[in-house]
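Can you read through this structure? Questions will come right after.
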């Protein structure tokens, strides 16, 4: 089956999903799209997307993708009253691919239920945010039954052109995504430590981070966090409580599997300090809704520093 | 003065220096080269390099570069019995640029002595190793008197095309290089933690690291360390004791400047555990001469794991 | 009601329970005793204890004490087929006091079920082991409904003469016991760090620990662990896995209540390293059945040291 | 020589020295006393103390004790213009005992200089503060040449009746004192962590600490710090900067001797956070002059808590 013959279904066109579908459409894929708020999907029609009204209308596609917020949302669109499985009438796509970041337990449960319906469940969480997709730099990690995973991977590569890695059976890709987010926490915290140190000693943050980003330690992540650390712009990409949750998931796996993670553990406590500090302030809700990189301000206060924006037009590297 | 008119002197053509000079020569720069072991410099003649016998022969150049192992080596080539300053006879380059990674204290002392001779001292440590230079991906961080730094930067960019960042007066570039190496320690240790976790749960290391390298957390560093973590090849690029030294330098600066560095501190203790474990073994010298990434084996033992090479032909990303 | 008029029931005469009952009997209390293995209770008859065959026989006492291993054991003796509540026939002691170390969740559930039967549930976990009781140095922490707690405290004081502290309603005493065990983990780990350091520098461990025990940092705990650290006697009082469990309970409470615990977190990872190291050895089960203080050997190996017994006849301080 | 025949010299009657001398005098020792501010020594005359005007007047005693603030003070009273060695005129006590807490380096240098004069130098730092001495609970740790140490120990026991431990040659007692103070930092920090946790969950601090102090983890230190943690009385016994210094000394020894100290390292960073937080406040000097236990307030803020005094008349346990 050539790629333009395969019928693709897509559930969820939020900030990330929208752009992923757009990439599929621009590559001439046949995509039928359902979104809870249909209006958000409609602009995709101009690229050839078929916007549907009900999940049941997706039951005839060959491969069904989803990207939603949480495990319970995925269960709802699969098995809820209006869910695709509930309303399938004997016809279902053979392969469901999920690009959401849901828990291992939710993923296991969903896999088991889908298996009862003869559906192969492929986990395909991604590394990156909306800006990363737009820049064509998304990547993904895939697990599940190998044959179906290998079928799905060329499609996934369309929106994750930076690389798609198959890591094994079952929920292993979920583990990899948790591990990935653990590192995200560790790197931002250490980057803050050394940026504050260099800054306090006299190096402008933008100059220090330019060096780091150019160098061997530079990553997409350090680059796109640079404007935040330079100009103190804390518009949220990910909140401190979500980051703490991912580190806790990592630490729980470490505990369960007897793998010591001292650096992860130290990082977690700093995130906790940032959250606790927020809770000590009158506008705690507001602070906790801001980006996790705002930890820099908590750490600065604990370093005897008061940060001010450097008002530099630094790029995101994307 | 156009670049091809400027006369450049170069001291030190070890693994890194050689390639840096080669890049200058290929860009048609006029470079006179001195090396302790002259034979190592000779192949550069075929690219137009002028190999000299004595440091004194470099006293007529416009800008003098050096890259040596330690502060005392730099003092030797500048101020030793056969050193360039000692034998200058009233004529010296106006700008000395040092690309070595030496301590802040050594750098300060050298700067002061050079100043007495009317020479501007520019610190220009780099991010990367020999492979990185070969791949054209070296970057540098620069500090010292601004006017002379700005003169030197276009030349530095020839061998550090990924980016050259000016961070301020004096020894600030040394600080940035220490901070850079602190992050190197933190990232390798955390990468080991999560790689072991994913590996113990069933993900092949090469598959996990492929995902990480493709993703937003991937850096040149994570990529070029991947073959080591996958195939347990511990040929040294940097020893655990040198890494510990750099973390200690960072922690000392943190102490002196009252900047807490909890994640750095936790990392340092793990490196120390690796060193201590090595000292408990009969072949400790051999182990300590291997790459710091061998910490993965110590951490694996503390995770109830025994690593074996995956024998995968993974690239360095360079 | 004078103390000798009050009828006390007691469930569980293991290593600790036996001695607690003995103290009550020696203080002329009227105690009826049930134990799963009746034979273990029988020697208490010579001190005036009334050994009963069934839990139902305890339904006529005024206050019912228990000390068992786990929450499920407590549920069994209270609500199991042969449990006292199940077989009460309308008559039950008004106050149940539990001296076990069970989880907050188990304790809450048991409290709710007892309340349905009009029984007040008092938590009274203790600080100390069998040797501590024998030395008359046990203490306890109490929570639950205040009136009944105040009734129970004079009885608890008989076997916990070092002090009985009322800390509030509900399960708060359970929290205090978890916090207590967190500190136990931190103190042993730090004591090991500094003992190894002093030892490596030339101070015999027995001499160093004598100083520490005499000094302001000395506690019953540091004293009774001294023979283990001096003579490497790892007969278990508490296993590393149980200690890890208690630190994890503490860290989970910290997470739930947003209290950072960086030193606890660092300690937990060292315990994990000890467990992981054990798992790397052929006799891992044996090692993990030994006392948590054996962490000293893991830490020693990570310090380039090989410990040997000092064969010193040091006391436990009890 | 019976104890009342031995002539003792004493330098330094600050808060601690005064009480140490008083104990010697009450035990009928013959003590000649010099203090920089003579008036402070004079009340000791009523107990039989001989107050002298110059250090030279002490040159005829059998054993010379000192307790001063810093290494340079000790060098001053020994080797300064008016120092005892400088003005000895061929006659010097054979044994100098120093109870100060000075650095290993200072101690080594002083030992070497005294040796040139045929004087044996005994290190005898103590565990405790003024209140501890008053309560008769001081202890000491001793190092230096064994014969002279053994002569001095019965005298030291008079003011350190809780126990005097000989740990070996040279400066080893200094090491033990540093290790002791490392544990002091770790214990206060962990005690704060668990006290805040229990407190936030509903346990009054005084009730929690009563339990801890009664229990196996209780020490003189936890007891005499209890009033501070309950009533937020931060009158300084030891400042956070001095505590940080001692942890840094411990960590430096760990580094030098290759002993990992992860829990010490984590503690150090929390102390640093407290200092950094103080530096962020307008009254930083005042805060830094208060007791290190005030870290509890910094930690509370990072836990979303605001502490208030419990106004409880809790004792110090002394």
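Residue numbering begins at 1 within each chain, and the chains themselves are lettered A, B, C and D in the order written.
The rule we apply is simple: contacts are C-beta pairs under 8 Å (C-beta built on N, C-alpha and C of every residue); 3 or more make two chains touch, one makes a residue touch a chain.
Being a predicted model, the structure only gives us computed values, none of them experimental.
Looking at chain A and chain B, the chains in contact with each of them are C, D.
With steps allowed only between chains in touch, the distance from chain B over to chain D comes to 1.
Of the two chain pairs shown, B-C and C-D, the one joined by more C-beta contacts is C-D.
Comparing the contact residues of chain A and chain C by number shows a mostly shared set, over half of all numbers used being common to the two copies. Distance between chain B and chain C, defined via averaged C-alpha coordinates, is recorded as 54 Å. Once the centre of each chain is set as its mean CA position, chain A and chain C turn out to be 45 Å apart.
Averaged Cα coordinates give chain C a centre that lies 34 Å from the centre of chain D. Of all residues in chain B, those touching 2 or more other chains are 254, 258-262, 265-266, 269-270, 272-273, 275-276, 279, 302-305, listed in ascending order.
Taken as a contact graph, with one node per protein chain and an edge wherever two chains touch, the assembly is complete, since every chain touches every other chain. Within the complex, the chain B residues that touch chain D are 244, 248, 254-255, 258-262, 265-266, 268-270, 272-273, 275-276, 279. Listed in rising order, the residues of chain B touching chain C in the complex are 262, 266, 272-273, 275-280, 284, 298, 301-306. Residues of chain A touching chain B in their complex: 127-128, 132, 137, 139-141, 162-169, 172, 175-176, 179-180, 182-184, 186-187, 189-191, 193-198, 200-204, 207-208, 210-222, 224, 250, 253-254, 257-267, 269-270, 299, 302-305.
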